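Here come two complexes built around chain A, the first alongside chain B, the second alongside chain C.
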Partner chain A sequence: MKHSIMVIDDEKIVGDMARLSLEQDGFEVETFLSGEPALARLQHKRFDVVVTDLKMRGIDGMEVLRTVRSLYPETKVIMITAFANLDTAIEALRGDVHDFFPKPIKIRELKASIRRAIGADVAAT
Partner chain B sequence: MKIERKIILSNAVNLGLILLIGVFALQNLNRVLTKLRFVEIADDLNASFLEMRLSEKNYILFHDEATLTDMQAQISRTRQTIDSARQDIVRAVGEDNLSMLIGQIEKYSNTIHDVQASGGQDVALKLRLRMHGKELKEFSESLVRIERARVNDIIASSKRVLFYSFWVLFLLAILVSHFISQRILLSLRAIERLTRSIAEGKFHRIEGPVDDDEVGSVTTAINSMSDELKSREEELIQSKKLASLGILTAGVAHELTNPLNNISMIAQNYLELYDNLDREKRLEFMQQVDDETKRIGEIVRNLLDFSRPKDADLQSADINETIRKALQIMQNSLHLANIDSKLSLDPLPPVRFDVHQILQVLVNLILNATQAMQPGGTLSITTTVAKDGKTVRIYVRDTGSGIPPEFIPHIFDPFFSTKGVGGTGLGLSVSYGIIKNHGGAIRAESTVGRGTTFIIELPVYGKEET
Partner chain C sequence: MKTADILRSFLGLGRRNNGRTDFSALFSSFRDVLSSHNRAVEEIADMADKLSGDYIFDVNYIRPSYEHLRQAVSDAVKGFDAFTDDSYPQLSSAFYRIDNEIVRLIHDVPAAAAALVVHLEDITWDMERLVGGKGLHLAEVKNGSGLSVPSGFAVTAKAYTDFMRHNRLDEAAARLRSAAATEEDLAALRMMILQGEFPHPLSDALAAGLSRLRKGCGRPCFLAVRSSAVGEDSEFSFAGQFTSVLQVPAETDQLKQAYRQVIAGIFTQKAVAYLERLGLGPGDVRMPVCCLLMVDARSSGVVYTSDPSGSADALVISSSWGLGEPVVEGSVETDHIVVRKAAVPQVVSRRIGRKSSFEKGASSGGTETVGTPAGMTDQLSLEDDEIIRLAKQAISLETYFRRPLDIEWAIDRSGRLFILQARPLRTGKNGGRKTAAASALQGFTILMKDKGSVVQRGAAAGRVFVAKGPDSLDSFPRGGVLVARHDSSEFVRVMPYASAIITDTGSATSHMAALCREFRVPTVINAGDATRLLASGGEVTVVAGDDGTVGVYEGIVREVLDQPSGASMEDLYEFRRQRYLLRYISPLFLIDPLADEFRPERCRTLHDVLRFIHEKSVMHLVERARSGSRGRRAVQLSLPVPAGIMAVDMGGGLDIGEGRKKASIGEVVSVPLRALLEGLTLPGVWHADMVSLTAHDFVGSMMRMPDIVNDAENFTENNFAVITREYMSLSLRFGYHFTVIDCYCSDLMRNNHLYFRFGGGATDMAKRSRRVDLISFILKEFGFSVLVRGDLITARLANVTREDMERILDQLGRLLAYTRQLDALLHDDSRVELYARRFLEGDYSLSK
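For the complex of A and B:
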């Protein structure tokens, strides 16, 4: 069974590039441009990993994190943000995220983090 | 001199004048009383003299010796009356007149004596008796007449003096209170003007010499308050500048990070997956890189506009015409977003402005309004002249989602945006800079759920405030 990844970022290119790279590695990827449709989708489908932007208009990354925590405690959340300062990092870590990536994102590191989140023993394909 | 002291002094002067007038009136009253007392005594004496003359007449007609004795008795009673009222009489008519009167009485008495001694046979003596009697009565009557006239004079002059004193006091009171209230009112008006200009953010001072009184203390206090506010405002502006520098830096970082990240991710995939990408995909990637680079260029350009506002090229032009032009530029966007537009443009006095910059502001406001509204919304632009005729007002109103009150103070801050992606947060701050450069003002009024109105004020040419 393929592992499913949800990517939420209001920058379309982030989702597109993450999808392209992750699909090459055999992941199943769904992308969203804002929090609202992503939360709606989460009501119907469990994802193995949710990668979300922190600062978004409307429902932001912290709210996505809280919802995922309450619906699927085992799902890992990776936070990305353009604000690379310490405050947001501390805030994100306090919220118990799996990992935290400041932009610009190293796709290779992101994928490594996703693999760790799913479990080192699980093959990506 | 303190106003309080001035009031006390003027009251003291008034009181002194009133006392003086009182003393004068009292003195006149005493004089009148003295004269009246004399007139009373003189009336008694006159009555006695009249009786003597009747007796005298009886003697001459009937030669009755007893009447002469009666007359002597009457004379001695009169002497007693004069003696007992001597003080009052002297005070009223003076020592000379009294001794003349006594002399007359003496002469009359002596003549009666002579007539008695002659046994009534001497005709010349009888004539002398009649003459002296007449003289005595006339003298006494003339004294009374003169004193009555004097009483009238005193009363009339008292009346006159009291009348003039009243007017002098009245005018003095009016002049003093007018002078003092005028002094206070003038200062109050200066203070009122100053506080009004402080409310408008202009920290002037009350010029001219400051008097050493209560109003002067207030003026000094207000002046020092104005100075203090001015220096506080300068500090505030300085700290605001520092704060916006911080916001600017954070904003630039955030704004630039997103397109940089996009380029970086495209590049990483391009390198990693080059062999797996078809020609179309590679071209699409490079197109995206180009777009993101343009986005960075746009941000940098806006930033430069913000940090170094170009000098406005002010020219007298028609604001309404510029509004029509802005609407024309945005017509397509409005049409696509299904937004109605309404114009209500009053004829306006001449305004000097940089057409290109104001156009930029208007396009920016129309764009914001369009983005804030759902399809079917209405954009209305209205122009009017302020009541005082000094400013032209432009209202750009939308029926959009509105701005929450807590955001209103920040909407003109650089990089403040509620739009998420697609808003640099520079449009309104650049607009703010442009309008300020024109000596105008821009502000927003908003009700969440009902819409927002941006109000631009520009000074009418020739009526700019310095």
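For the complex of A and C:
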């Protein structure tokens, strides 16, 4: 079965680029432009990994993280942000995220992080 | 006295010949310039890296990144102006011109006060958004390469916007969401465009444009009116997607009607489908239109400067009588001529097509198809000398644009050759995807074998759909294999959903072939009777092999199918938009410092500005050193190989007595130069025997042809090392290769850096790019970060110990000596790795 990845970022280009590159590796990817529809989707479907932007209007990455933690404790969360500083990184890591990336994100590193999150060395499928 | 001189005099810096104090101040400002230069080059490399497709970025990435880069370039320009006493005032103008264009693109500001009509000879490189891709490329052919292009002008993007606004059609176009646009919506918009009125300024501009064209025409003249979308003929082929109107009488009213028809051509299902595939909506296009004088063509056709299905050393000509439209549409049989590229091109094969009809311009306007007179049907449509002339022009254009091209041409009744279009050629290679494993196909029924020619390689499967006509495409099933009698650019409508295309007839140089390569749809043409052999509804596997073999098998053979490539990053609009900026930033056009165009006003990118600064700073320093009263500062190095390097010692770089004119390698105490020379002069690395260069090897070059053998005297004016004990700025020119090395090598690891740039070459593009592969392969082994663009390598290394830096410089010296003549030997891709491995193992022999 394919592993499923949810990507939430209010910049369309981020979701598009993530989807393109992750689908090439055989992942099933769903993208969302804000936290609200993503949380609604999470009520119905469990994802193996959630990649979310930290700073978004409305529901932000920390709230996504809290929801995922309560619904699916085993789902890994990867936090991304354009405003990288030590404080946000510490805040994210305290919230028990699997990984933290400042933008621009090296795709290879994101993929490697996702593979670690699902406990796979190479194959995604 | 210049302001800078007054300031200098006031500060007590003095002018030349004032001795050591003056010189160390000069060197210090030289170092400042180079330091800003290096910082800017780092920023460029970083930006190119981030926008390479290897990173996910957001829309906010580019602004702060460009701000850093702009600051670094600005510092370099200001420092350079001060250093050279404002000797090159045009350089800051060039910088501001390029900067303005980038800022305009970043903020998406349309060009201010843009012209409505621009004649080809007035089009400059930075007008793409105004005149479109086709207009820009033709202007480059006409103004840059000096080949014959019909006179003409571009009706600009501004004119399009004005026309649409004037008729209140801009909002209607923007409202059309491509996916939801029905044929009725499109037809309604087309109708409104065809009835649109021209704003007065545009009418006047068209009339003035025509009047200027008619002056040079001297006979009843006609126009070809064609689309020229931004990106057309460069990033995207747009091949055959938009409307062209031919043989338009050069009168204002007729031109206006043709213009309306071309504009309306954006809003067809075919064009909209193509735009959608590129992530663009019909409202996103601001279409410039190109108006060229018609060539009264006796013969026309297409040249591919590289055989898409075979050797890069051959070019392919498709030719027919009359106008070229039927050739590019693939709707007629053509003569097919293969020519081997050489100083004197040689015809390898001629296949005469049965040309039963041809298209010509009617005297009252418009075109007509007429029967070919008896005797000409099976006669070659090109004379031998015309083939050679065409091949030579195609080769020189390929050299000019530095890449394989798809060229449309025409020869008029008096034998004059015109270039009508030149766009990048996509070569149909399989993008690295795996192709068929022959064993998996065993046991499957073969429906068709080794028929036709492969224009796009790959393996795919799906249900056969035999097309009966354009209308039948409406029922084309997703994932189907399209089978048709003739090739047609109409097929673009289903290309996003087609797994493969097979046609009975067709041309490898048609629009459809270009589109199949662009969309990477496995495609076979000229299969003869595929429409008979393959039945609609049956599931088949199509294998268009890397080696040109063709097989169609019954059923689906999953083992051989290509992995779904999906969309590519290039399909994302925002990605393309941000990457587009790079064309004003990272390419390097100013390469040869001895060439005429090595001038500030020819700078097209920020990299050009930086290159100019680097070159002229070194030269400025060298001239000051030579004219210095102490004389010894610029001395010739006596080396066991004829590298002809002059060393300019800024302090502690040479250990020689006063007044000496020459220094031996043992007297070089500059750490980086000494290390490099050790490698450069290592016995066995510098080959004194000349590698045999065939005339063919020189064909790719339009540069002068100096002797590539070791003539030391030739180089002494070109090779300089500006040095101190720990620093070296080296500019080298061996034959056609230009190398720049900027290096600091000290005991303080964090200060150490090495910047390396390598470009040029005498041989053809394929061999040059193999050499680039070879050098970048080796540099990566040494730990460099390497940026390759065309035949230019930029590599950087920092934070290494002095010992490591010395070792790497020694290797670089060997590499420079070794690769001096190597590209002439790189006949095929397999040699790259062979010679790279040999080099890394310390085997410097050039034997095959």
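One rule holds in what follows: the second predicted complex is superposed on the first by the 122 of 125 C-alpha atoms of A that agree within 3 Å, B and C clash if a C-alpha of one lies under 4 Å from a C-alpha of the other, contacts with A are read in each partner's own complex, and residues count from 1 in each chain.
Operating definition for what follows: a contact is a pair of C-beta atoms (placed from the backbone, for glycine too) under 8 Å apart; a residue touches a chain by one contact, two chains touch by 3 or more.
Given the structure is predicted, the values throughout are model-derived calculations rather than measurements.
S.K.: Is A:Glu11 contacted by the first partner chain B, the second partner chain C, both or neither?
M.R.: both
S.K.: Touching A:Ala82, do we find chain B (first), chain C (second), both, or neither?
M.R.: Both chain B and chain C are touched by A:Ala82.
S.K.: When the two structures are overlaid on chain A, which partner does A:Arg57 contact: first (chain B), second (chain C), both, or neither?
M.R.: Only chain B is touched by A:Arg57; chain C is not.
S.K.: Thinking of the overlay built on chain A, is A:Pro104 touched by chain B (first), by chain C (second), by both, or by neither?
M.R.: So A:Pro104 meets both chain B and chain C here.
S.K.: Tell me the contact category for A:Glu23 with respect to chain B and chain C: first, second, both or neither.
M.R.: second
S.K.: Touching chain B in one complex and chain C in the other: list those residues of chain A.
M.R.: Correct list for chain A: 11, 13-14, 17-18, 20-21, 24, 82, 103-108.
S.K.: Which of the residues in chain A come into contact with chain B in the complex?
M.R.: Chain A reaches chain B through residues 10-11, 13-14, 17-18, 20-21, 24, 34, 56-58, 82-84, 103-108.
S.K.: Which chain C residues qualify as touching chain A in the complex?
M.R.: Within the complex, chain C contacts chain A at residues 50, 54-61, 566-569, 572, 574-575.
S.K.: For chain A, which residues are in contact with chain C within the complex?
M.R.: That would be residues 9, 11-14, 16-18, 20-21, 23-24, 82, 103-108, 110 of chain A.
S.K.: Which of the residues in chain B end up touching chain A in this complex?
M.R.: Listed in rising order, the residues of chain B that touch chain A are 250, 253-254, 257-258, 260-262, 264-266, 268-269, 272-273, 276, 288, 292, 418-421.
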